[in-house]
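For reference, the structures are reproduced in the following blocks.
Look for chain A in each of the two complexes below; its partner is chain B in the first and chain C in the second.
Here is the complex of A and B:
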């Protein structure tokens, strides 16, 4: 009995909790991608670097706050800096829309042109972020490190295995829930949100119902900026901030959005968790869990790791390919590509 | 009310509208007929701002509205429906109608958070109006159905309903009767006549059903190959040699001859 409990604790500590936190981050990122796809009708490759930009601003403001001696008690100071990051990112994306995307919208360009354009924006942001904060790892997490510590947990339960929940993991999940709830309320209950849905549903009809497209586009970018900054900051708090990692995040984020069904917000969230859980379970070394569950003589010698962690991006790819083969519109019905 | 002057719309080498000139009188229900590919829908699209014209002018009550985007035209009271019914599939029929009036106070970020009461009042009024429209169109029972799931004819009614949510000046109906059964077509016809009489809407109707045209339209304009071929009452149009040649077919001509004999 004890063994089963220990196995569960190990499972929760190394698989469940990290996957839930990572899944929340991916879900928020994928929501941004899916909104751009739904309303503006293109795959925004610059999203990963938009996240990096937002996080960078949050880090800079956090450092400034720290130097002024401002803190947020046990919570990371970055949460206080978040609104500044969102505002700066909003200016950035709306600026890039006015300067770049609007031109192509007015000339009614093909989605593939938009995609390549977003690639260009991505490279510019890429350089901008590295130019301002540098290509290296930056740590900006402060405040209390843990909600539950391994030692405390062991003492409390008397189990051999410990369980830790990092503050950042707790914050990630809570923030994700709040943000998703707010977003769905906005999309379903407010006139602006409904306009966005209408625009995504049937652009011609939306225009002929008097919906101003520029306004819808403006609000979409505003929301995308907020989602990107929040997702980026949560990821940075949980792991660490490195511009290149954010660029790489594009793959699992797109995989999540496509797996869930592009253009479908609910799908983006589901997709985020599907990708996160697969990535973590496939790259986790199951030896410890199995040792607890099976009789002693059956205990495995190897790590029982399906793929080493270097291959974690391959997992996103694999799931992406499988879903596109079996159900091209994604798990939830999105727009087919 | 609407004057179209020497309008051209070319898609590459194809001249979809090739020098159309016509005028639509205020308060009329004008029928627009012509063979497939005559440029009727393209003409609609150009007037409604979906396509910019290659050359030519569109005037609305002496104002130049050439090439204005669709949402601008909507604010000026120029509305249209689609040949193949469009709807917001994921919303209910009632929500579809409530989407229509532009400039609702819920559209600004400020009001979304701080103007809850004003939005609530407005939405209540809108809801009542949408229900009234659904009642008028005899589809009240579909109010809470997803618009993507109702029948084709009912979608057509919904299209018409959309124009009733605001005070339109002129409504362009693109084959409102296509794929709609007789009874429903009569309902649509009644609705059009009532809107014309009670609210003073001007209509332009593309239609292939001559009985329907005969019942509601006066005058009738016949287009062919991107040009206006003839204009007049349905009887005049039916008697026009060119129209018979291009559209109504010689079968009708022979029949008329037989009748004369």
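Here is the complex of A and C:
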């Protein structure tokens, strides 16, 4: 009995909790991608770098706050800096829409042209972020590090295995729930949200019923900026900030959005967790868990790790390929094909 | 000015730029730009085939280029006998088992009746195949990587002449393209983009981590060269004599000679590929490809197998990228997996194709040279500009220090703006499609 409990604790500590946190971050990122896809109808390759830009602003403001001695008690100061990051990112994406994307919208260009344009925006953002903050790792997490520490948990329960929940993991999940709830309330209850959904479902019909497309686009970018900044900041708090890593996040984020069904917000959330859980479980070394569960003589010799962590991109890619082969519209019905 | 004159003028401009670099900076830099320009031109020729002529979005050029590099190592390095003895045959067996299990997986998915039988059957085959492959492969991999890891720790290659690796690189890239094309072509264009982006990241991850094949991040150095070594030239009395008769010291003369040798080889490949692409473009096949690009539905209605044609052109374009990748690794004479950066090897090639003129082979070649020239030269220019901007600031100001250090990233910004401006005001590129 104790062994099974111990196994569960190990499982929770190394698989469940990290995967839930990572899944929330991916879900927020995928929501941004899926909204752009639904309303503006293109795959935004600049999304990873938009996240990097937002996080960069948050980091700079955090440093400024820290230098002035402002802190948020046990919580990371970055949460206080979040509104500034969102505002700056909103200015950036709406500016890029005015200067770049709007022209192609007016000329009714093909989605693939938008995609290439977003590559150009990605280049610019890449340069901008590296120019301002440099290409290196930045750590900006402060405040209390753990909600539950390994030692305290062991004392509390008397088990051999400890469980730790990092503050950043707790914040990630809570923030993600709040943000997603707010987003769905906005999409389903407010006038603007409804017009966004109408526009996404059927552009012509929406235009006929008097919805102002520029207004819809404006609000979409606003929400995307907020989602990207929050997702990026949470990821940076949980792990660390490095511009190139944010670029690489594009792959799991797109995989999440496609797996869930591009253009479907609910699907993006589900997709984020599917990708995160598969990545973590496939790259986790199961030896410890198995040793607790099976009789002693069966204990495995190796690490029982399916793939080394360097191949975590391969996992999201595999899932993407499987979904593309079996159900190209995604798990939830997206607006694809 | 007619179109042809404009084309000549633009190519003359590139020639002037490179020659100017030779006179102002050094001939070594100029030849370096020329050589990498030739390789970039080949890559953008391949991407132009996919995007310009068929309208396929390949965002994984880096992966195909890296596969070319892998081919160079596998073909031209000397085999390591100790490592082969330690686990070579077993690794081959493991790879064979892996291939068989993938075939079994595909068969079980396609042949089993739809529904639960298929789902469970496929999963069982996948799990068994995975474990059997790993159990055969893992001990052998450990044994091979344990053989003198500081110097070898890998199986080495076949020890064949390095030039053979160029077509082999193309074959490797073609095989990868076939797999991606089979899954993602026929679906929406964005999916191909994501799939290629994914496969290129995976290829780089494999090169970095499969030490038994590529030595991973320890890099393979000293890949044999198709041209003579500088040291040998400097030791050759007749070469030294000729160099001095040109008024050059033997050191500079030997590096220039070697680079010129590469330039000739690359130019031959480029001209052959350009001729082939031009012929393909003018042939009925090329007309059909453009017809498909311009109106897929109409082409399908005319009885053209769109997906099969897409697969064909996707494989061809990727193979060209693979050839270019093998050429690049040959010139560097080393394989450094960590040097493959998507911005440099995927997105920069895109800038080349778009700026040069998608759909026009000459245009993409021009773009290759021009954008590569800018990519190399914007860095010193940016640094110089930054020096001027920051000169009024105090010597020890932190901002000045930061700005000067960050000047290197100016080129990302410049390329992005360049691409956006071209897309907006001249979307057909410098030499538009006819």
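What we mean here is this: the second predicted complex is superposed on the first by the 336 of 337 C-alpha atoms of A that agree within 3 Å, B and C clash if a C-alpha of one lies under 4 Å from a C-alpha of the other, contacts with A are read in each partner's own complex, and residues count from 1 in each chain.
By definition in this document, a residue touches a chain if its C-beta (ideal position, glycine included) is under 8 Å from a C-beta of that chain, and two chains touch if they have at least 3 such contacts.
Every value quoted in this text rests on a predicted model; they were computed, and no experiment measured them.
Chemist: With both complexes overlaid on chain A, does A:190 touch chain B (first), chain C (second), both or neither?
Modeler: It touches chain B, and chain C stays clear.
Chemist: Could you tell me if A:198 is touching chain B, chain C, both of them or neither one (first, second, both, neither)?
Modeler: The first partner, chain B, only.
Chemist: Give one of first, second, both or neither to describe whether A:213 is in contact with chain B, with chain C, with both, or with none.
Modeler: A:213 contacts chain B only, not chain C.
Chemist: Which touches a greater number of chain A residues, chain B or chain C?
Modeler: C
Chemist: Looking at A:170, would you say it contacts chain B, chain C, both, or neither? Reply first, second, both or neither.
Modeler: neither
Chemist: Identify the partner contact of A:254: answer first if only chain B is touched, second if only chain C is, both if each is, neither if none is.
Modeler: second
Chemist: Contact-wise, after the overlay, does A:143 reach chain B, chain C, both or neither (first, second, both, neither)?
Modeler: Touch partners of A:143: none, neither chain B nor chain C.
Chemist: On the A-aligned overlay, A:115 touches which partner chain: chain B = first, chain C = second, or both, or neither?
Modeler: A:115: touches chain C, not chain B.
Chemist: Residues on chain A in contact with chain B in one complex and with chain C in the other?
Modeler: Touching chain B in the first complex and chain C in the second, no residue of chain A appears in both lists.
Chemist: Where on chain A does chain B make contact in their complex?
Modeler: Residue positions touching the partner: 186, 190-192, 194-195, 197-198, 201-202, 204-213, 215, 219, 222.
Chemist: With touch defined as at the start, can you tell me which chain B residues reach chain A in the complex?
Modeler: Listed in rising order, the residues are 48, 50, 69-71, 74-75, 79-80, 82, 86-91, 95, 99-109, 112, 119, 162, 166.
Chemist: Can you tell me which positions in chain A touch chain C when the two form their complex?
Modeler: Going by the criterion above, the answer is residues 42-43, 45, 100, 103, 111-113, 115-117, 119-128, 130-132, 134-135, 247-248, 250-251, 254-255, 258, 262, 306, 308, 310-311, 313-314, 316-317, 320-321, 324-325, 328, 336-337.
Chemist: Mind listing the chain C positions that touch chain A in their complex?
Modeler: 55, 57, 59, 130, 183-184, 187-191, 193-195, 197-199, 201-202, 205, 208-209, 342-343, 347, 350-351, 354, 405-406, 409-417, 419-420, 423-424, 427
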